[in-house]
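Think of it as A, B, C and D in the order they're written, each chain with its own count starting at 1.
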Amino acid sequence: MGSTFVGNLRISIFGQSHSGGIGVSVDGLPAGEKIDMGALGAFLARRAPGQNSWSTPRKEADLPEFLGGLVNDTTCGAPLAAVIRNSNTRSGDYENLRDVPRPGHADYTAQVKYRGYQDVAGGGHFSGRLTAPLCIAGGICMQILARRGVEIGAHLSRVGNAEDVRFDPVRLDSATLHAAAAKPFPTLDDAAGERMRAEIQSAREALDSVGGEIECAAIGVPAGLGDPMFDGMENRIARIIFAIPAIKGVEFGAGFGASRLRGSENNDPYFMDGGAVRARTNNAGGILGGITSGMPLILRAAVKPTPSIARAQQSVSLSRGTDAELEIRGRHDPCIAPRAVPCVEAALAIALLDAMLEKDRLD
Amino acid sequence: MGSTFVGNLRISIFGQSHSGGIGVSVDGLPAGEKIDMGALGAFLARRAPGQNSWSTPRKEADLPEFLGGLVNDTTCGAPLAAVIRNSNTRSGDYENLRDVPRPGHADYTAQVKYRGYQDVAGGGHFSGRLTAPLCIAGGICMQILARRGVEIGAHLSRVGNAEDVRFDPVRLDSATLHAAAAKPFPTLDDAAGERMRAEIQSAREALDSVGGEIECAAIGVPAGLGDPMFDGMENRIARIIFAIPAIKGVEFGAGFGASRLRGSENNDPYFMDGGAVRARTNNAGGILGGITSGMPLILRAAVKPTPSIARAQQSVSLSRGTDAELEIRGRHDPCIAPRAVPCVEAALAIALLDAMLEKDRLD
Amino acid sequence: MGSTFVGNLRISIFGQSHSGGIGVSVDGLPAGEKIDMGALGAFLARRAPGQNSWSTPRKEADLPEFLGGLVNDTTCGAPLAAVIRNSNTRSGDYENLRDVPRPGHADYTAQVKYRGYQDVAGGGHFSGRLTAPLCIAGGICMQILARRGVEIGAHLSRVGNAEDVRFDPVRLDSATLHAAAAKPFPTLDDAAGERMRAEIQSAREALDSVGGEIECAAIGVPAGLGDPMFDGMENRIARIIFAIPAIKGVEFGAGFGASRLRGSENNDPYFMDGGAVRARTNNAGGILGGITSGMPLILRAAVKPTPSIARAQQSVSLSRGTDAELEIRGRHDPCIAPRAVPCVEAALAIALLDAMLEKDRLD
Amino acid sequence: MGSTFVGNLRISIFGQSHSGGIGVSVDGLPAGEKIDMGALGAFLARRAPGQNSWSTPRKEADLPEFLGGLVNDTTCGAPLAAVIRNSNTRSGDYENLRDVPRPGHADYTAQVKYRGYQDVAGGGHFSGRLTAPLCIAGGICMQILARRGVEIGAHLSRVGNAEDVRFDPVRLDSATLHAAAAKPFPTLDDAAGERMRAEIQSAREALDSVGGEIECAAIGVPAGLGDPMFDGMENRIARIIFAIPAIKGVEFGAGFGASRLRGSENNDPYFMDGGAVRARTNNAGGILGGITSGMPLILRAAVKPTPSIARAQQSVSLSRGTDAELEIRGRHDPCIAPRAVPCVEAALAIALLDAMLEKDRLD
């Protein structure tokens, strides 16, 4: 299991990096939702590799083919199913990984779990390539949400020690929310983007990689979504965001920072704003008791550095039971955080649409 | 929904702070597991209030009564069901909260979601009191895990800006893992504990509260637990930990710190250690690709400051549509993080036992 | 697992026949639903034993105590939790069943699955007594449904070879639907009821038992509930009805009879009836493609004869590995089908409310 | 929802009759299971149309293409994903069905649920063609089960009023179990098959269709699979079997017949048989208390007559709100029961493998 999300939506992601193809089935989407294929393609392009200097030059033509769920590009109630062919299906380079696992990758843990039967080619089912179907699902959810006034955006908030400005958690507007998506490098502050690119370039030159952090938000979220306990919005969102490889931490609102605050600082005082209840601060990140408050929903996710680095690394030979040195060939993104930005948006979109599909009352 | 965990285990938590009682049903426990009731009681006592100077003086006698699932204190395959009576069931003090929501609490979001029908007394189903059934479930899971060599422990790693030492993520031993649990104040370093208590006392005197951070770990975890994507161990654990009220962030291994590292620093090199594969560092926190590596499993959770503070706060009157000032009466923990320590352990225990109950292979 | 229903509602049933108590948690009920406790009690009384000549004289005072989920008898959004104490908790009579399993009961299969750890007293978690919490859940669902014009009723359609008349699947009205519930013996036709009672009396005198069949229906069901494939209404209902011990078959509409028909007979022709689409016949039992048609929902369930009979039976001694003769002491219903009538109603009510809580469209 | 099975296995079925393709994703299969593609193809051929005189001449080349989950035809732990292209994707003939629903089909109920957005071409997602992906999933489960000694077979036990002999529920052997699968017409008794074919031919000549019944069994099933209550084997199997269109009833063991029996007849007495516990009769159909007993698992499913018949039928025009006559063009199977035989086997195989993947005990 693991590749199936079970909520009000049921999402199955399948395929491996070098298998016949990858794809996704999304069950539970409301019927009658028009999909803007151009917008979807543009969204998917934001995570695609090979577009610019800071990402791997390997080209993907990640154009999904829809096998089901649509009539005239409009959801018909049947599961939406999309596949992307894998053009790169050679696997010769990878067989050694079954013996000498790459540090920081899932090679060793998969070996234990699947007893050597796992597909090692290109990382198999653990490959970052599997975020493409996640983005198909999420990109479609985003369009359905946007039609109801719920907008999602994200930016690269840090690479190494270079930091972007943060979203204003109270006054976040649509233009700011989407500002980073329109840029070749997804930051709010272009100077911060320059510093981050310098961090990435420095890592690349050192045959190394570097981590980062993504800030993601939603505005227009109605109050009242989510549940207490196991199905709080934090739980739901975290459950999906950690499906993105390399994410090692998630925080909401003030997050870990809240743990340093006094209650009088962290509590968000309410006030009436033209008939609506709003809060003067938003350390809660728009979630209280697991339920949305109507304030912007704010989260940050930590992205570890790309584990594939060109330097020689220490590993082991599982067959021989000895230490072994490993060199990883091929070219890899020295920082995957920029490409993970739309993935985090996709994860949040899935969680929010899923929550909106919960029915709290009967007529 | 929300109060039911659905995995290989199915856990239902019910009751409100001032209803007839609270309780839990745990479906899916293996039969034949002896429960040490004394050890369970001792575990529950760690989260119980009223024990010492830093927590609320309200007394609870949180002794669970088991209605089902046991024969001679041994699991029988039927759902384990336990209830705790609420002795404190008056609710007169709370009716005002339906109108004037407390900042930082779920009063307002519950009001929107449940349209005024929610139980407001003592926080209702959102009360921290509902972590008692979570700890019953988790405490039992811990005993079952311990019998298989999987041990779980936690400590209070920070209160405000006072920090404890961290677990050694590579050489963490059983004694260190359980050290904090045995102390009246759950830190590894007693001097750090003194500083934290000073932070709490200072907050209390200022009619305020303060947040904190908990570090939790498991040792003896077999490699190969968990799944890729939506059911990775990070996803599973986060899904349960965020069920604890006041948790606003979760990170694994180096966590947000990993986002500042280079790949060459963050990757954990493998070596052979007496026939076993181990890693020299453990920035992964024992999880790669969502699957356990056999290294200690390490996580930290951010706890926000208690939202109930004695100072006057700004809120609104929902009935009048005006701003309103709110004073919260009663005594509350100025810092809930110490009592949340066993709750985080419980959450991790549930996630680990649930993962161990997944069957990856057939005979 | 098994004792937790997972859908839009999440229902956990716990307890054993002779444990401290039995109970149920129902998560996902809409807030604001008033529970008529008198009506619920009357509904539960229909399955309670000891009321009349055809059922076991053992008395139960199955009055549920609600521990959570209600404020002033109105659902508050938190899980509804109810427990019933077991007054009869002696277990001495049953220990022999661990060795010599009763034919037709779950003694042997539970022994294999739970390796001897199962609670054998009174049938443990397999006891028909566990239908009381099912009826609590279902009885509450029925009240919520009735408020929306969905009414559920059932009658005992057969005992042995004595048959009641059937519901008219097209013109079923409220009075007929509820007619059997108001009678001491739940048939539509009193003469048929007499014949059934004679069958039961005859079985009792022969130290034997006898099976039966229950017909259950819902009227006022809106068209459009349910889904194709695994979550069709047949699937959903069957999944819950088979939770009632002793049910060995379920059919919808013409059911097995449809397998003998021609398409021209079985197809239900549509016609316009005052602006509404209706069908002239209802062999589909109100379900097409897994989705309700707006016609009455009709099903029948087969109830096997009570396996506990006073005659000596052939069994085995598991400890000695030899054949063994078994005599079951105590008094048992010679026919459990009459008491199963409200249980089938409860199952249908749960399935229907669960389906109504699915959200097919967004605003 | 509806098209996703959620258990220990998670199965997503997608596509419509005339969309780009249909397919299935199966998450949770154990790694290391070799798939015999020839055997799978032979199994799929049994449900394929166009093979003989009693089925529709429309040809399908239902050869699945595997996009994921396999390495060298061996499961690798990642979800197994297969797609079948739809060569027949014209949809012009069907638009009228949005207005004038076919009696006995899901046209009307889908129209209500999906508000006109449903795919009507060829029945859309409700088409019997969607049993092909079900059979891919089930066929693979059958191979995995067979390797553990669990064998599944079925036969056409009735068409109209022509009946086959039944499986011997106690002494069912492998040869008998698989006898029907090897024949062009899937009965045990060839003379019965002749009578059934005559029924079908007679229906065809009358421009009509006819229903049937399928008996399915599994031998070699270990005792101890399944759970009480909602996850009993009956519940699990019924939940999947009703996913096959046209199934209107399911019974286990003596089934509805048990409702006519006395307890002394229906109880299956145990005896020791060479050290193993066996029963002299098998009215329970191999399931007691929801758990397998080790006796053959026996069930029957009722198949309604094909709703598409060549005769004119009464329907309505939804757009005009008037009665309307409908003639269905094209050629359809006058009896779908023969082709449903492998589908019922597939459903049982999924339920059994799913149950075997439940982990009842820890080491």
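The rule is short, and it goes like this: a residue touches a chain if its C-beta (ideal position, glycine included) is under 8 Å from a C-beta of that chain, and two chains touch if they have at least 3 such contacts.
Owing to the predicted nature of the structure, the values given are computational and were not obtained by experimental measurement.
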Shared touching chains for chain C and chain D? A, B
When the contacting C-beta pairs are counted for B-C and for A-C, which pair yields the higher total? B-C
Hey, how far is the Cα centre of chain B from the one of chain C, in Å? 38
Roughly how far is chain A from chain C, going centre to centre by Cα mean, in whole Å? 45
Would you mind listing the residues of chain C that make contact with two or more other chains? 1-4, 6, 8, 13, 31-32, 77-78, 110, 113-115, 125, 228, 358, 360-361
Please output the residues of chain C touching chain B within their complex, sorted ascending. 1-4, 6, 8, 10, 12-16, 19-23, 25, 27-28, 31-32, 65-71, 74-81, 83, 110, 113-115, 117-119, 124-125
Quick check on the complex: what are the chain C residues that touch chain A? 8, 30-32, 77-78, 144, 148, 228, 356-363
Within their complex, chain C touches chain D through residues 1-6, 11, 13, 101, 103-106, 108-110, 112-115, 125-126, 130, 158, 160-161, 203, 206, 208-213, 223-232, 234-236, 238-240, 242-243, 245, 247-272, 275, 277, 279-280, 283-285, 287-294, 300, 302-309, 311, 313-316, 318, 321-323, 337, 358, 360-361
